[in-house]
């Protein structure tokens, strides 16, 4: 028996023949990709009539990165989906290790309840359902509601640390006033001194668009932000100043009319959602044309730059990212590069 | 020569004869005390005609705690003063180790410049001049301006760590747009990603009253806060969630109509300033009647409770405190006690 | 075209048909497994005569978890290998994003150089080569050296954030005295005040066995540790008290004679290496018999308990783990369970 | 009534007439000063025969800084004293807000018990009694014991936050094995994973000299430390890497033969105690000659440099300092200056 034939039965393998074990640079099969809202929306509305009542509570079209071989993922670590909730529908209460967020695209007045608080939702609002918090949602209005779901599910799958629990109850008990957290932190940089600040995630679970919009507008009167990002704001946990959840960060970004940002790349990936405006982004050499409500994927380490095509309107981009993951693990790296476009 | 006679020449002393070296409980010579705004204001206006031009840049009446023997202090560690700035007056740029804040009582439009940023000030605004930041201020309007100054100066005197510097220049160069920091953090719990967050104090130096007022109003619709404090909010450093400066914390507190808070005491002291409303506080057994713009001292470890005397109007109290000092040093202690009133 | 046929071309997929997306509990294909030292050592020595000179610098037999389909991994996130370095051999300087450690099994006096410091190595010593630190090693003695390599490489592959760099130089310049870091922290809980403590990893790169042995011996005279772990010590970064590297923690554990630990499980996985003693561990229902220098894998969430089979000798287990990863990301969970053995 | 006459009755004072309120640089009445051990020891032994039985439990000669007007303080914030405990004497259990430490000068085997742990003490050992921990001590040996006491008592007096409590019991119950904490952290940079690390002070309460000595000796073979301080080590809390208590830091410092350190000054003050060697320090222009066991005071902001007068013996200086206080409050400042000697 030759030397090499003995190795496999002993459950060992020769490092000196392992090629590619230490790649020089990150590469990912995920590709730059854009999902036009109009197209997904049409399918989603069609799904409204196709799925059964039971299926309806998960009426989400998952955005599948074409490079990821059918895994439900928009980038290597991030999941994104568009969900339609029709009048009268609910999703029963449950919790999971995966961290989740939603950004509202259409409709007004449906709710998500998280750990005893009911948050009603308007277009542009960001609502968090952090890891292992009980949540349920429903649409008590008379119009359909569509939102973008963002999760760290592909990361959790890789890390093999996912737990899931249901109780069988449709709704959780509401223990605090409606929209409590949005209202307690409405305007000023003051924190309520009586709130338990020891959770590993933001105790603010709803970030209303009307507050975001006001802040963007005021900031734009005094700053241009940076050449690489324009006016890039991070949603933060008010008690730490850090990301809203340990695995996902959320940003809102204003690109002034005509802005063409510098190009750079970083070891974190992101999913972008266009809140307002028209333009394009050049991601890994691909030109992605976008308009309001489109969603696109930025794979890790892909060079990217954004262009607001309008000469007189701002463009506003929401994004969520796995940046807290690479930062926590000491793996964050960023590089400015030449523009591609 | 007897044994005890030998000790002093050797610069030693017998611990076994040192009484009171380890007191059972804190006590302070500072007393509960209130300075009525109307009275101080009248003297301040009179001072407007008395002081010389040179003296005018420091036209402040220091609030002297009657228990502190002529030391310029409102409580053992905290300084408070009311300053009048007449149209056309300025205070040349300088910096000091003492941390300072001002809360605007009257007037509109005078400015404080801090580290390159000019902040214009309205009634109710809070403006910080953190330790060792260059600052200057002036009144370019045509009406007098009165504000409350708060400093940690008595603490710094005790710690013997005070530095002071002037350049001889009247004004510092303004390197960023006017009111930058207030506007960058105007509304939503988002932080500008490009701001240097490494200072030991809040990079937000101005907290406009209009934002504070909005947050108090919204919070009051969903919460009563706590029985001990009502709706007590802390101004925070957005990048840490902690106090705005390492030695001073600032709070704004809404007492709903008729509220009589529970009584408690703590090892930190505070200076209160009434922004709105009428009522009284019972501090260390003393009843202090207050109305808008009055200032009063809460000595450390003094039992206290607040009463909003109105049945239909909110009362709003601003306060600054040395709580960060006792917390940082592991000396914070709090105790609920029986009400005195 | 039916509804479902339209989805794939649009790069979306129906969540309501995605089974297993939210598993109730973590599961991993990795299996409990033990690699007997005697067996791997024999193959390693045989490899000494088989590999070419160029290959020799990576003469490592990787420990392949049988459940992981030929991926070079001992658990889902952790790599382990046994390396043989013959007299005169070196590995040229390089650096990589993956964090690495080695625990010495046999031989005395070979070296690893890390960021300018040459650390000579004895049996039982732990040496770190943190992420992106330049390192090289060599054997200038006249006897073979065998050590256990531990890396977070499978995790880095999943996260797609790996960088690698070589310079072509065989050795790095040594800029500080030999064995500096071990000696600066030799004994007492004192830190050198002049060392830069701002690295994200421990500035101590070598932890000599003679110090570890002394600490275990002294601790055993005053404590039994805990029923679940015996005397479990974590190697720490002296400037934070936290894990030695952001992705890997290292432990040394003494099991007193006859100890049978309680059973538990946690969301972190580990690789164990037996430094001393004989016994067995029951891992996920499998009984793994071990003796000195054997290595075994504990998959994540596998129930486990350890037994020191000897009635009069201590057993000592070294282990490295991805616990800092699950902790940083808010995914740590632990559960006590019934013993299986 | 003139304007100025009205101010005092109103409890206000004019800032524009307050001189010296904002000093340009710190100054302290405390002076550089040295207490020769031989002299204090002789008085202490004489006190052995003078004090009553009841007084004996506090048979301490406090080191009185001549500049501080009879306040029991060695520097503005720091208390130091030399205590004699004769065979058979004890100090009943008590606790106080003031943080305390002792460094053993003479004798062997007396004990301090802290929070359930009895620590026996040898010459050179450092023992902590952190704020509000129960402690008692006694001498069960047949020889006298002398140690240096260090406290933050003057600071606590200034801050008016001192609490004190006795139970009437002579001794506390011992709940853990003797010398537990010294032994659990004996040698290696490993932490016991089962120890509660959430206290605001070091859970290690005794730092044996034999460990310190070993570390100094090893470090001296590979490093000279820095020109300003020689080999300056800080005793640390193993779970944070920070100072052992929130208000006091402790250092041990080796000056190689003939070393004359650079001069500098800082806003923290310190008390030095000579463990070994002969030399002198130039402090604020005063030359303080020292030999083993002498104690001397370094006031805040005083320029200082140390000289080991011996050409072949190391000098070793212990010191405790209020550096954590000025650091926590953002008031730390340091300046290199010209040597004075």
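Of note:
Per-chain residue numbering starts at 1, and chain names A, B, C and D are given in the order in which the chains are listed.
Quick note on the criterion: a contact is a pair of C-beta atoms (placed from the backbone, for glycine too) under 8 Å apart; a residue touches a chain by one contact, two chains touch by 3 or more.
Computed from a prediction, not measured in an experiment: that's the story for all the values here.
Following the contact convention of this document, no chain is adjacent to both subunit A and subunit C. Placing every chain at the mean of its C-alpha atoms, the farthest one from subunit A is found to be D. Chain centres here are Cα means. That of subunit C falls 41 Å from that of subunit D.
With centres set at the average Cα position, the gap from subunit A to subunit D is 53 Å. Touching of two or more other chains is recorded for no residue of subunit B.
Taken as a graph of touching chains, this assembly is arranged as a ring, one closed cycle with exactly two partners per chain. Applying the touch definition to all chain combinations yields A-B, A-C, B-D, C-D.
The touching residues of subunit B, counted against subunit A in their complex, run 176-180, 183-194, 197, 202, 204, 207-208, 211-212, 214-215, 218-219, 221-223, 225-226, 229, 231-241, 251-252. Note for the complex: subunit B touches subunit D at residues 3, 6-7, 10-18, 21-28, 33, 35, 39-40, 43, 46-47, 50-51, 55-56, 58-66, 70, 72, 76-77, 81-82, 96-98, 131, 153, 156, 158-165, 200-201, 245-247, 267, 300-301, 325-326, 328-331, 333.
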